[in-house]
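The structures come next, written out as structure tokens.
Paired with chain B in one complex and with chain C in the other, chain A is shared by the two complexes that follow.
This part shows the complex of A and B:
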């Protein structure tokens, strides 16, 4: 009796009742015939793998880890976690050089930053793209994110005194993208939070959240980053600080992938880790106010990134954008853009990646906005490259609209 | 976050209530734990009465085309069932003698459409049947990974339905009717009608195994309409707890929003029955997990089920207790601002397929109560 009442299974896989709803929402299944789909790769495959690891299928690498199967599942099965866990457990191939390079976002950032203008010029060259394609299987049709000559950390450190003067304080997990590629987003966040009377602090030596490592067969390295970050976040939390982020994927990784996939206990910090959009919305709900420019006008189409959809926090970005007078808001239908971090850079995934994003690109073109708003940096690269429309984080739009 | 009404459950009942309230100028949110029973929808709303003006207007504003006619419909296993209010692409016949000669067409490799059962069922009514399989290179992708499901085929069909029509033209001999799987019109709702116009025989679409293509289309249309009216749809989130004081619920907590509670004047529980996890069971009791509402069921577990598996099962009819206005009841006390609608009410009879009718009628009843309040 007890057995029947209390039985539980890893990632809830025994709750699967084979309804096939997940297969209707998997973006990969529609475009890649080599991928077995979330039901077979997830709960169905898990039963077999538990019998014999022989049944592990290397085609599981085609999973984007977009979590749309989990959002759709009516039974609470963690389908994507099952698939990623199986890859971590059973995939014994060492990662290729290319995958190691793509996965090491903060290491590559540190290397590239001092030579940013040269690196940016070189990665833009057709001949570089051809070479990367031939030697490393990084698709030549991709546009590479630019590196910034100055890091965000350096910028904020120079302002630490002025930030410390604000009556309320938060810590900011900026992530690799803001630090090495696009410090402007971090500066925009500081502007908005300062306007709310909140000063921004750096964490004590944050590392890459590790999602790219999880995706590229480097779970052991990812777990080291995870433990380091949980310790660093813990220090801020023990000082009574909330930690805000501007990347939906870093947030999902630190809140959910750490315990589910990497088995790193984050319970002491999980509830203090928030998307900045949620933090700002909650401040405004408690009575804080922001003053917006009277002459601001922008037609904004909002794309909910898959990982924000999984977090369930797209509603905060939506409400903040709708709050800005002068913003003409359109909600785009929820669709994966196809990029999924490092996935779209790989030559073998390029066609699938573009096919997955096609309905979203068409919708954006039909709406014809001034700007697409989105909380994910890799969606930004994909949408900008594939549609030509500029993409801004909602935080940057808030900052731009402020008086 | 504050709303006039928070609806738990994003199925047919929850969405009808949400749309009707938004239309009346209310500010609502729907919390939906994954996708819903519309993914298993037959295409027939067995409410067994003619749609009133209000339902017809709601459907037409959402782009859902329905028709009403009392009769029978063809079921996936070749049987017939009473039907009335249905999606436009579901045929309703006066009786089971639907044709003289039928051509049943399936896609090669698609195992979720039971052509032989259909033929067997139709032959019982003196209908001659011939089964043919279509092989289209466009579906090779779908076939390759072994997950050849209705939705995968339907996505291709929106683009290539004309090829299917051409192939069927070549197959047709003297049949007056063609039976096809319900895999058309997922995003382009005009496709089923255009197929009908392009073939020289009558076309009947028969149900497949889930996911239901007309059901998913209906859910997309309803959700789009709800969001267009300004409703907040929280997909993939789950209401986990309600905060109640003296018979009034003031907020609920959800899995994704943890400490950020959803506050509202009223709450509608539309989380479905046992199948949708609106009710949970263990060997000792059947319970409602969010509010801990009273559930109507016999104490003794042996009375919950019928050992004859295929017979009517008593547990299928269990639901939460309510008063006449569908206020939910907890430990014998009526909750003043919590209402239950849809399958969680119980007493649905699967053999009548009354789920959709109950969802719609109970949703409108509660919306009327709420709008009459102030």
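This part shows the complex of A and C:
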């Protein structure tokens, strides 16, 4: 046994040097004094919680899990993981009905799809919003994502033969949003990949990545999803396929949250799972080409989602957008939009959520782009609602600009 | 009446002195306690902080074992806020003799210690950090005790009963008339003031330094200084005390204490002159980690925060000046009977665990000499702060929905936490982020608990005891002290001394994250703050 050759601790909490950079970068702490901040909630709190779970602080629920603290940490402490793990381990309150509903994106999507036009019309009504606010504490000022009448899965299934004809193949983890709310993004991806000579396959029955469950006190259910998805991804990977995604949060969840928070081993699939922007960028680097419309012109402001910053992959989206001849590109400053999935829907978080996003909204208004580009669906909802500017995934902009 | 006259003067601000002052004060005596440095600076603050069940002594020293379990049960009643009722395990490893277990359990039963043989599998479930190779386990009522808190609470209670305390004041000589000690000459190290105090009885409760005090009084008490080194790990690895079930040896006790855990100890005879300046050697560090990892293997990969050493106040029995027969039991010397010197008593030997009993024995003798007929009540009366059994109850009573810092304050101050109910928002600001100590808690300590330096403050509040070792809290606390004492210059020097003292404990284990953090601390204080 090598004594003290190296030291270990849960999520590296002992590596904290108390430099407090995480605290300076936390978007919540600046707007919500009830939140103890990442250093207190993370490595500092952990020592007390190890003494007695009684020291767990319920104010940890105000953490957005944006991971900006982890990006900032120069010592490699997984601050956000510490906080989320503590919530999973010590928060004994069962999730509220509202939180269960918000967390079950898969289930709610399946339920709503057949009645999409009615559901969309109803959720848009002021009276519905008031009721949801009063009964469930879902803030009435929120706009709900629309449901699509037809699923993306059905659309791609009908084209499976045609896709199988391409010389190269990838599998696509579309996620709940593309499947139930916005199949167009999936169609856009298929268009771009096909242009590169790559056919797109569905996974064998993917489930929601589980991030909303993790955030809403349903870690056990999330772990079931995680194990299912790792198995499903494993099947594709064992056939030699890469798995691409268009949602930064789903990707981060499956790559990092599965092993760190849910203790689900994803080592067999982790390196094969990547954002489609990275996959496309690498193809182009290797010599593939895309032909763009000569008449395309768009002023694009790009917002890097926090989870994409954590992955370190924002650069791929940025490079691809800059590559389009007609794009006038602006890189927005690194800021959190404040939405963070289901967080911003909750009545108690609405004010904080909007205050966090304010600097981003102001910059967007100052830039006055034709469209904001962003790889995250919940950032999209927040920015569209708060600024009025349309938001598109970089993949959709690529598809639109293709000849 | 002369304000410098008392019924009894107690020399030494360790747990024995504090306990004796409390007992004397509760029996109505006018008491003065004199300490050359701060509370709990000797062996009191330099041990495991183990609330012994007595099991460790059961086989070889039945008397100590019986004393321990009795006092253990008493302390749970009277010192709830200083104690963590963790229970303990005595584990047998494959290299140990499993046959010893039965001898051990029988001896425990005889001493009245509830020792229960449990399945090693159950032991692993109860304490997941325990060495999984164990072949036997016995559960005993061990626990952990915060010696600083215990010492401060005793002294505070003495003051609440009219006692007076002079810290940073050294006894430089005795006032002697014929064969009677009438009082002491003292020097205050902070003010340079020399003062004489008078009392018909003086109690020498200076631990290992009692030899020196006895010399000043003109009598000889032969002490045998034995150094014990310990390591503090930066977080709690275990939640139960883990001991080895074998003949007591080196580094075979791992105690969870507050937010850390402590492995120890070694035992080395040192010359008396070295008692004031003991250092931990590299060999001791290696031994502690190697043996510690046998109790809980994860210690080999756990960050170490500090190393420290204390000196046990062992006394050679009177009939054996050679030192062969060293007692760990309580020694109370009536120097009138022993040396013909009236008005002078030495109480020494013993252990942190038995401090209350030592105080009772000494106070009984004081009362006999002063012809005071009052019974001891320290075994039934809770210390200030310990009126509630749990800190949960305290926190819930004081604050509607306590924050982590408020819960932590309740765990340190017990019922006295109600005194820091914050007057304004600033009082809730944190000074120490590692241990969650607020401005309000620091000010409460400065106001009521004889704090003159940052190190004093640390012993009373845990400021600077966390992983940052003063990196952030020291300068903030120094600000509050400078304000309270109205002197910036003195506080600057105090801050430098404090950081130097923190580094002393980091140095023997200066590697990995602890070294990184120490370097960072140095950078902040030297290059950012210009200290």
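Methods note: the second predicted complex is superposed on the first by the 400 of 403 C-alpha atoms of A that agree within 3 Å, B and C clash if a C-alpha of one lies under 4 Å from a C-alpha of the other, contacts with A are read in each partner's own complex, and residues count from 1 in each chain.
Basically, a contact is a pair of C-beta atoms (placed from the backbone, for glycine too) under 8 Å apart; a residue touches a chain by one contact, two chains touch by 3 or more.
From a predicted model like this one, the values you see are computed outputs, not experimental measurements.
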| request: Figure out whether A:57 sits in contact with chain B (first) or chain C (second), or with both, or with neither. | output: second
| A:36 contacts which: chain B (first), chain C (second), both, neither? | both
| query | Between chain B (first) and chain C (second), which does A:46 come into contact with in this model arrangement: first, second, both, or neither? | reply | second
| Of the partners chain B and chain C, which touch A:19 in the superposed model: first, second, both, neither? | both
| Once the shared chain is lined up, is A:313 touching chain B (first), chain C (second), both, or neither of them? | first
| message | Quick one: is A:291 in contact with chain B, with chain C, with both, or with neither? Answer first, second, both or neither. | response | neither
| Of the partners chain B and chain C, which touch A:9 in the superposed model: first, second, both, neither? | second
| Touched partner set for A:331, first chain B, second chain C, both or neither | first
| remark: Residues on chain A touched by both chain B and chain C 1, 4, 19-20, 36, 39-40, 75
| note | In the complex, the residues of chain A that touch chain B are 1, 4-5, 19-21, 23-25, 29-37, 39-40, 70-76, 271, 278, 282, 285, 309-313, 315, 319, 331, 333-334
| said: Show me the residue ranges of chain C that touch chain A in the complex, using the header's touch definition. | reply: 234-236, 256, 258-259, 286, 289-290, 293, 297-298, 300-304, 391-392, 403-404, 407-408, 411, 430, 433-434, 436, 466-468, 471-472, 511-513, 516-517, 520
| query | Given the complex with chain C, which residues does chain A contribute to the contact? | reply | 1-4, 6-9, 13-20, 36, 39-40, 44-48, 50-52, 54-57, 59, 75
| query | Can you list the residues on chain B that touch chain A in the complex? | reply | 1, 33-36, 39-40, 140-142, 144-147, 149, 151-152, 155, 209-211, 216, 224, 227, 232, 234-238, 254-260, 276-277, 282-283
